[in-house]
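Each structure below is given as structure tokens.
Here chain A shows up in two complexes: once beside chain B, once beside chain C.
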Partner chain A sequence: MGWARKILRVDLSKGTCKSEPLNMEWAQQYLGQRGLATKYFVEEVDPKVDPLSPANKLIMATGPLTGTMASTGGRYSVITKGALTGAIACSNSGGYIGAELKMAGWDMIIFEGKSPKPVYLSIQDDVAELRDAAHLWGKTTWDTEEIIKSSHHDPQVRVCSIGRAGENGVLYACIVNDLHRAAGRSGVGTVMGSKNLKAVAVRGTVGVSGIRDFKAFMTATTAAKKVLADNAVTGQGLPTYGTQVLMNVINEMGALPTRNAKEVQFEGARKISAEAMHEKRLSDGKANLVTNAACFGCTIACGRISQVDKNHWSVVNSPKYWGATGGLEYEAAWSLGAADGVDDLDALTVANMICNEDGFDPITFGATVGAVMELYTMGVLTKEQIGIEAPFGSAQALLEIAHMTAEGRGFGKEMGLGSARLTAKYGHPELSMSVKGQEFPAYDPRGIQGMGLTYATSNRGACHLRSYTVASEVLGIPVKTDPLVTEGKPALVMAFQDATAAFDSSGTCIFTTFAWSLVDLAPQIDAACEGGEAGWSVERLAELGARIWNMERLFNNAAGFTAKDDDLPTRLKTEPAQTGPAKGLVSGIDKMVPEYYKLRGWDTAGVPDKETLARLGL
Partner chain B sequence: MAEIKITFKLFAALQDYLPHEAKRTNALVLEIDGATTIAQIIERFALPRKLVHLVLIDGSFIPPGERAARTLREGETLAIWPPVAGG
Partner chain C sequence: MQKSLHIDPSKCTGCLQCEMACSYENHGVFNIAKSRIKVFNFEHEGRKVPYTCTQCAEAWCLNACPVDAIRIDAATGAKIVHEDVCVGCKVCTIACPFGTINYVADSGKVQKCDLCGGDPACVTACPTAAITYVDADWTGLDKMRQWAGKTNTQPRASA
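Presenting the complex of A and B:
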């Protein structure tokens, strides 16, 4: 069956933990993780709810393949109304805690209300209880995990927690698990902090049982693993170079948003790339990259474990940053680097460590620093206001601002607003590179047109992971399309959005899709899960993806979002790229959105029509 | 044909095919005959065919079918990657 068929409902206001059966009718329509948890969420929460009020809920959900032998089957997602965006939020994380939760016998946890005092949730198989977290409040995610493991006398306890950012109301706080994996975007950690929920500690020894057809499941998962191993990207490229290999690719293509997207190519890109992480530093003869790493059940292992030079100016007096820990992924290297004009690889690595340590999204943080640096350059913000000179390119400013944000002191409190609110406060909202309040990541829509539509229509605010058309427009997966044209992109974006929603509901990682399609996923789900007479086919999963997408859209529409919010920052529409293949181009977003609405079966206001809702069973 | 200068870049696993002094920049200035094609440069550096995936000239993608005929022009940058991806 794939599912544990059991959910844990935690009422933080009352301090109760109750088990209830999973709604299996909904599971047939929404599968698990992103889809199924969002179904629960939209059924139980008023779309107009204040994200930081007790009436908002927060769901941690696994998929039917989480904790199984399926490759990458360690994913879990956090679903809530985002603190940063006010839109539906779904942040996905790897590591080990998702599988641990499933092996404890739970499909998902629904948190509701607000605890009167700091607490953490302890789960030991079917025993769940809220425990006092007064001693954890004010601690970093790193310290929190260590203290919990020590107090439980069990190093195998898996922990996810918020750091000081989530306690201090940084609107883009993460929930960090296993020290350096995170449900990172949209401020899901801020919502957790607003509920006085510091952490979740899980130990699962029940295991995952009840696979519908175990022999078929072994056959399907083995075949799918072979596809990953034989593929040059998932078998060799990602484990060796990680996502950071894109830094030079995207820069050469003239699609690397630089200095708050004023430019599209960064002269320092090579210095902060995967290639640079591999080579020995001149200072100490050691490489930034120590090794790669894998999440639970993953046969790709794209994760980066890095170590900086102990004599680097940023850490020379901070031994806690001397050890090997989670290193730079592409999006973080871009946001902390190119977006701010900073090319000091060790400084970026430390900034990323601080984001992990205190739990805030490096994409939004780095992009907000970029906006601050532009405001500083314009003279709108001063050294006195920020606390440090902050021109583009200043690694010192980047790190000082990171520390201030983590600790909630000085200008760090303003940084916690994110770029949309901060730039508006200082009279320049046009300098926020965001959609629906969330900053876009490392692909410039002037040079990769499909990503502009991806950002504009993403249900959780600007995001690359809702439809990663870079795969097609840059890398030729599954087929190569021209990144500079808008023709065909609405259909491409829609197909990616629907397939991604299905993968995000399964318990597997979206990075499998560099080798897998729904053709590879469907047999694994079908073997694991009861699917009625129809079974779990490719067509059913594609329709499920469309159902999830429209369900999220309906929530956002009811929350107050309109077609006007499906748009890009003015800069991308009026300031052409100055260099590279996209020189002279702006984003063609205005041409793409109307066609996208038509393909979706939405009216001109972006509202799904009756036929669409009926077709999808919504 | 007259000699021209181009910049040749190899990334990721392909950087092993660059001379040692070029590895910290991934780039090498080449002086080549103006009639030299992309395929001939790939052959000259003995790049394994299966590792030649993404081929860009000045950032623009050159499809596999055009690489045997496409010659380089003065000042252009030819950059090549094996199959890679990120996100």
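Presenting the complex of A and C:
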């Protein structure tokens, strides 16, 4: 079965927690996690809803492989209407809490309404209750986890929570679990905060027993683990260097958006790279990287555990940042580093810690700092307004702005708007490097053309994790394509989008797809889950992915998004790359979108036609 | 040859595959709450440490048991809880200096690592060889080799 077959519905307005059977008919069409939770969401929520109103709902969902021995089987997703974007939001996190929720016997939690006062949800197997969170409000995610573990007298309880950013309405607040994993993007933490829901604490001792065929499952998962171990990226590159293995590679390709995407190569890239994290610092003789770490069930272990120099100016008076904790992943190293022109590795590590500690998305935050630095350079924003001199490259400004954003003080309130609203407020909306209100991450569409289409068509706003064509255009997975051309990219993006939606609905991590394809995933799903006569084939999963993609698209269309929103910032279309292999190129987005619509079976306005909907059962 | 579990915490990533394998082997379910091996996270030191019974030669649990429910498996040397004899008095959990024998409320008995009859599931499941099953008399062999490699590093004088 894979599924626990049970969902928890929490009415925050009434303060009730009720158990419901999982809709198994929908599970056959949408599998779990992203797909199944989005199905529940679009059935229950008006697309026009204000994301921060009680009428918005928030779903935390596991997949059928969550909490099993499948490698990376620990993922969970948060589905809601995004505070930052107004589009469907789906943020995925690892760590341990997803598996714990499944082991407590739940497939998902649906939160609705708004609590009259701060509360947190406590789950101990089948016992779920809302508890007062007055003592937790105003606390960081780190303190919240510690206080809950202590007051429950249970060090094994798993916690996800919002920090002060989520309480203060920072529009890109995360939900942080296990101290440094996060459902990070689109402001899912902001929605949680708007409901006065501070945290979810879970302890599960029931376990996952409903596997359709345990023997076949062990065979399938063992074979799939071997594929990961034998692959150069998942077996060696990621455990050794983490996602940061990309920093120097992407910079050399001329695809590292630098200083608010004014440039495509960063002269300081080497200093903030994976290689630099391994090197001993001159100051204290220790390396930034302490070790790698895995999320639940993961046999890749790409996570970084870092420790900064205690005498670094940014932490010398703050012992709480002296210990080892979650370190820089590639996207955060880029957003806090190259996007702002900052090359101080320890400063970036601390900025990333602050994002974890108070729960806000380092990608949107760093990209917004980049926009602020450009506005400062232009003289539109002044030292008096920001509270500190903020030229590109200032690590001091980066950290001061991070603290202000975490605490909701001074210019931090403006920072909480994200770059789209902030630049518009100061008369320069063209300086926001975003799509559908969400900032794009660490791949410049001028140097990696497929990522332009990925950003423009992503249902949750600009994002790399909806169709990571970097795998093909840079690493040659599954086949090498030329990053500088647009030809063939619409089909590539579509195939990646559909496969990714299937992976995101399974409970496994998208990073497995450096080695796995649906061919590796299907036997694991099939052994775990009842699938009727047809079983779970590669074709069925690909179609399921397309169904999910179109379902999300229909929600966004109904929410008011149109073809105009499937576009990139003007800078990427009019200001050519000045250096590197992409020199002279702009994004060819205008060529790709019409072809993409056609392949999708959408009309020229980006609306799925009747045949497409009928084919996918929508 | 007697073998024993050998744990190298520096290789542990904290994935908990060992805990799941243990619960599946012994309870037929993926349930880390039922695992006999536990991985501890020392967050601020960046260390994860798997820990379980080391099968003491003079086992405190065995000596403390009032009903002789804990016996030695001649083949593996494991101290094994015989559930049909165990009365759930928990005296062994007090006697064990390491905390590696624990009560299971569901069954009303205690449980501890039994080396899976000589083919430990945690060892098979560990993706990084942080847990291995090696010659009990030579658990230090790898470390010895490591240090041995650091001696006499001068190239031999040619004849």
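The rule we apply is simple: the second predicted complex is superposed on the first by the 618 of 618 C-alpha atoms of A that agree within 3 Å, B and C clash if a C-alpha of one lies under 4 Å from a C-alpha of the other, contacts with A are read in each partner's own complex, and residues count from 1 in each chain.
The rule is simple: a residue touches a chain if its C-beta (ideal position, glycine included) is under 8 Å from a C-beta of that chain, and two chains touch if they have at least 3 such contacts.
Being a predicted model, the structure only gives us computed values, none of them experimental.
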{"item": "Clash or fit, chain B versus chain C on superposed chain A", "value": "fit"}
{"item": "Contacts of A:N23 with chain B and chain C, given as first, second, both or neither", "value": "neither"}
{"item": "Contacts of A:G242 with chain B and chain C, given as first, second, both or neither", "value": "first"}
{"item": "First, second, both or neither for A:T377, with chain B first and chain C second", "value": "neither"}
{"item": "Touched partner set for A:F214, first chain B, second chain C, both or neither", "value": "second"}
{"item": "Contacts of A:Q396 with chain B and chain C, given as first, second, both or neither", "value": "neither"}
{"item": "Chain B, chain C and vertex chain A (Cα centres) - angle in steps of 10°", "value": "80"}
{"item": "Partner chain(s) touched by A:S517 [first = chain B, second = chain C, both, neither]", "value": "neither"}
{"item": "Touching partner for A:C298 - first (chain B), second (chain C), both, neither", "value": "second"}
{"item": "Which superposed partner A:Q385 touches (first chain B, second chain C, both, neither)", "value": "neither"}
{"item": "After superposition on chain A, the shortest CA separation from chain B to chain C (Å)", "value": "18"}
{"item": "Common ground on chain A, meaning residues reached by chain C in one complex and by chain B in the other", "value": "none"}
{"item": "Chain C residues within the chain A interface of the complex", "value": "13-17, 20-21, 23-24, 27-34, 43-48, 125, 127-128"}
{"item": "Chain C partner contacts - residues on chain A that touch it in the complex", "value": "67-69, 71, 96, 99, 103, 156, 179, 204-209, 211, 214, 218, 225, 229, 239, 290-299, 301, 303, 305, 307, 323-325"}
{"item": "Interfacial residue positions of chain A with respect to chain B in the complex", "value": "231-234, 236-238, 240-246, 248-249, 252-254, 270, 274-275, 279, 329-331, 464-465, 468, 470-471, 474-477, 480, 482-483, 510-511, 514, 580-581"}
{"item": "Chain A-facing residues of chain B, complex", "value": "9, 11-13, 15, 23-26, 50, 53-54, 56, 58-61, 63, 77, 79, 81-87"}
